[in-house]
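I have placed the structure first, in the form of structure tokens, so that the comments after it can refer back to it.
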Amino acid sequence: MHSNFIDQVKKSNLGQAWLVLLLTIFFGGSLAGVQIKLGPVIEQNKINETLEKVPELIMGKALAEKMAAQQQLTDIRPMRVAVDYEGRQIVYSAYETRYQGKMLGWVVKTAGRGYADTIELLLGLDPTISRITGLYILDQKETPGLGNKILEEKWRNQFIGKSVNNPVLVVKTGAKGEGEINAISGATISSSSVTQIINTATSQLRPVLAADTGPAQIKNDREKTSGPEINSDKE
Amino acid sequence: MEKEKKSEPVSKSVLKSAKEEETTRINVGPSPHFGHIHSTTRLMMTDVLIALVPVILVSLYVFQWFAVKQLMICILTCIGTEAACTRMRNRQSTLYDGSAVVTALILGLSLPATAPWYVAMIGSVVAIGIGKMVFGGLGMNLFNPAMVGRAFVMIAFAGVMSASGYELASTGVDALSQATPLNIFKQTGAITPIYDMFWGVTNGSIGETSAFACLLGGFYLVWRGVAAWEIPLGVIIAVIFWGTIGTIINPESQWTVLHHLFSGSLLFGAFFIATDPVTSPLSAKGRFQFGIGVGIILMLLRSFSGYPEGMMFAVLLMNALSPLINRWTIPKPFGVKTSRIL
Amino acid sequence: MAEQPTTTERFIQGILPENPVYRQLLGLCPTLAVTANLQSALTMAGAVCFVMFCANVVISLIRNLLKPHLRIVVFTLTIATFVTIADRFLAAYLYGMSKMLGPYIPLIIVNCIIICRCEVCASKQSPITAAGDALGQSIGFGIALFSIAFVRELLGTGTLFGFQVMPETWPGWGIMVLPPGAFLTFGILLAGVNRITMYQDARKKHRGL
């Protein structure tokens, strides 16, 4: 009688699968522990990835490094900016940068179609969205040896100081005009993709961000939009 | 029951074929498929070399020392690689069949004159080593060896092989100071005179510039039966068809069907590259389909891709489809009414 | 049952005679995908080593409790847990690398090298042997990834571990950084390893006679 009962238990589903269930609970618990311990660190990493670049994109590398060395920290506020464009709502994540209350500029995260795949970039702009103050490519899969030269600092630095009141243009060689950029030789498409992304972003953001200079208005916006979860954008 | 039914037409066909023997010419596809005059690979390769003479002469005239350098590097490296590979595999040397030299010339002629020495060298090693010997030598390769080599260097050294890599100012060689006709058209919409493209005094890969030389060599190959005429015909028909549609859609365009035909590596590829007997289909019908396919892919790439020209990719893609075309076009036994497709 | 190999034998076998990549042709997805440079290749090898070691030891500890028809479930569960730990750990402390490796760290779960070791060794032998086996196989996997990444990074960008080793004028072979380069490099190295093995076997036979 007794042994019969034990046999039944052994044959039942629970008797067969107890190890799996036990392991699931144990492993699940330990993973939860890992997540509690590491989760905040990972979140911080994701935020830092962009934040680290922000001062440099606004003020240029030399000044940003100098200020960092002197512990003069800029005040960076991440926010979400919604733009109504041709009936659609496009959401950008933007970083408003201030130093001792004085508005320095914006860094905008934007993306668009490249030659091979989406190009994701950070764009530094002055407070009135009229000049580019910096450009950084976050992610790209352009052709090695050609299109991936958009990563090179020398090429990116061409953009610094260019006016974006009119669309930035790509020329093959000998760019001299106000809004002209030299294309990477052999990679005209990658080069013009980058300028295309910049032109789209600036034209869409200007009405929203450039008007946003009054401090009271920003405060309202910030209360609505800021917070740690803002940075987990677009993924 | 089934068997009996099937056997009937076959026996009929025997009778029929006996009757019609005098009037019908039977085209037999299976190997050895290099025409009927050419009993050995060597003879055939000699013919290809003869056909390449006008192309090489024009290239020497237009690109001078650049062409000499490129072709010499290709020939020496290809022969060296072939010798090394046969040695490694303990096989009899295949150098005397001339196929390595033909591959070398076709590869060399499809490179830009300005490409640095290592491009020609690495391209040759890949063409012979990976394009041919890895598959087991001549006759076993799936893809055109010269195009495998070119594709490799094209992707490896995108900077020097892309359209902009063709230009090299201040060399004393006129052709090199301008962009290739297709690239000029793609970038600025300007048209190169058709006369220049026909005689070949434009920039481009060494062997592709002169439509006249390619046609001359091509007709010789077809006349000798080394190249199957169906392939170049298919390519040209597809290009003319597409080009005409382009003209109808956009009648103001100065880029006519003739410009399409004479520009880029179209004629060189149609006669010398696509006709490689190893990597093209066996039957006449299959070859024609192959040619059409090459032409369509070529025009697709020219019209919609980032590349100005697409001969290499078109040939490689169609090479991959060759076995499939062979299956589609199994020559049916003479007289059998219903075709057995797949 | 045939006699099982000892710990030392297991360890040595994994490195070259039964190299997971070159001899067993297992785990080729990461082998081809993450070997564009040495750093990502070695990070991947490290992650696989951690997962394989932990999974092998755990499976070996509970090997007497396993039901034959439920063993694969237990293997997968164990492996998935350790892969998740490795993935989170990389994201927390090597964020750049974690971003570069992308989905290939989570994909270690379906890496057949690990499940193969659980099945072949850990579910049958003691934890110490299983640990030795995991280490041997990991070293073998690491050697394979290192060799492929070495060739690809050197030819593709002229660098090793990101340091310029080739002359500045070295033209990067772009194709080597791209997927086709991975296939070509792996194929040629595999042919080389086969060639060496054939040569060694022939010599052994010759001596035996």
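Note that the chains take the letters A, B and C in the order they are written out, and that residue 1 is the start of every chain.
Please note the rule applied: contacts are C-beta pairs under 8 Å (C-beta built on N, C-alpha and C of every residue); 3 or more make two chains touch, one makes a residue touch a chain.
Remember, it's a predicted structure, so these values are computed and weren't measured experimentally.
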Comparison of A-C and B-C by number of C-beta pairs in contact, larger one: A-C
From chain A, the most remote chain by mean C-alpha position: B
Whole-Å gap separating chain A and chain B, where each centre is the average of the chain's CA atoms: 47
Mean-CA-position distance for chain C and chain A (Å): 34
Inter-chain centre distance, chain B versus chain C - centres from mean C-alpha coordinates, in Å: 42
Set of chain C residues in contact with two or more other chains: 174, 178
Junction residues of chain B - those touching two or more other chains: 157-159
Set of chain A residues in contact with two or more other chains: 143-146
Residues of chain A that touch chain C when the two form their complex: 16-17, 19-20, 23-24, 27, 30-31, 34-35, 38-39, 41-42, 45-46, 49, 143-146
Residues of chain A touching chain B in the complex: 115, 143-146, 172, 185-189
Complex interface listing, chain B residues touching chain C: 116, 118, 122, 130, 152, 155-160
Residues of chain C defined as touching chain B within the complex: 171, 173-176, 178, 180, 184
Residue numbers on chain B that touch chain A, as the complex places them: 157-159, 162-165, 187, 306
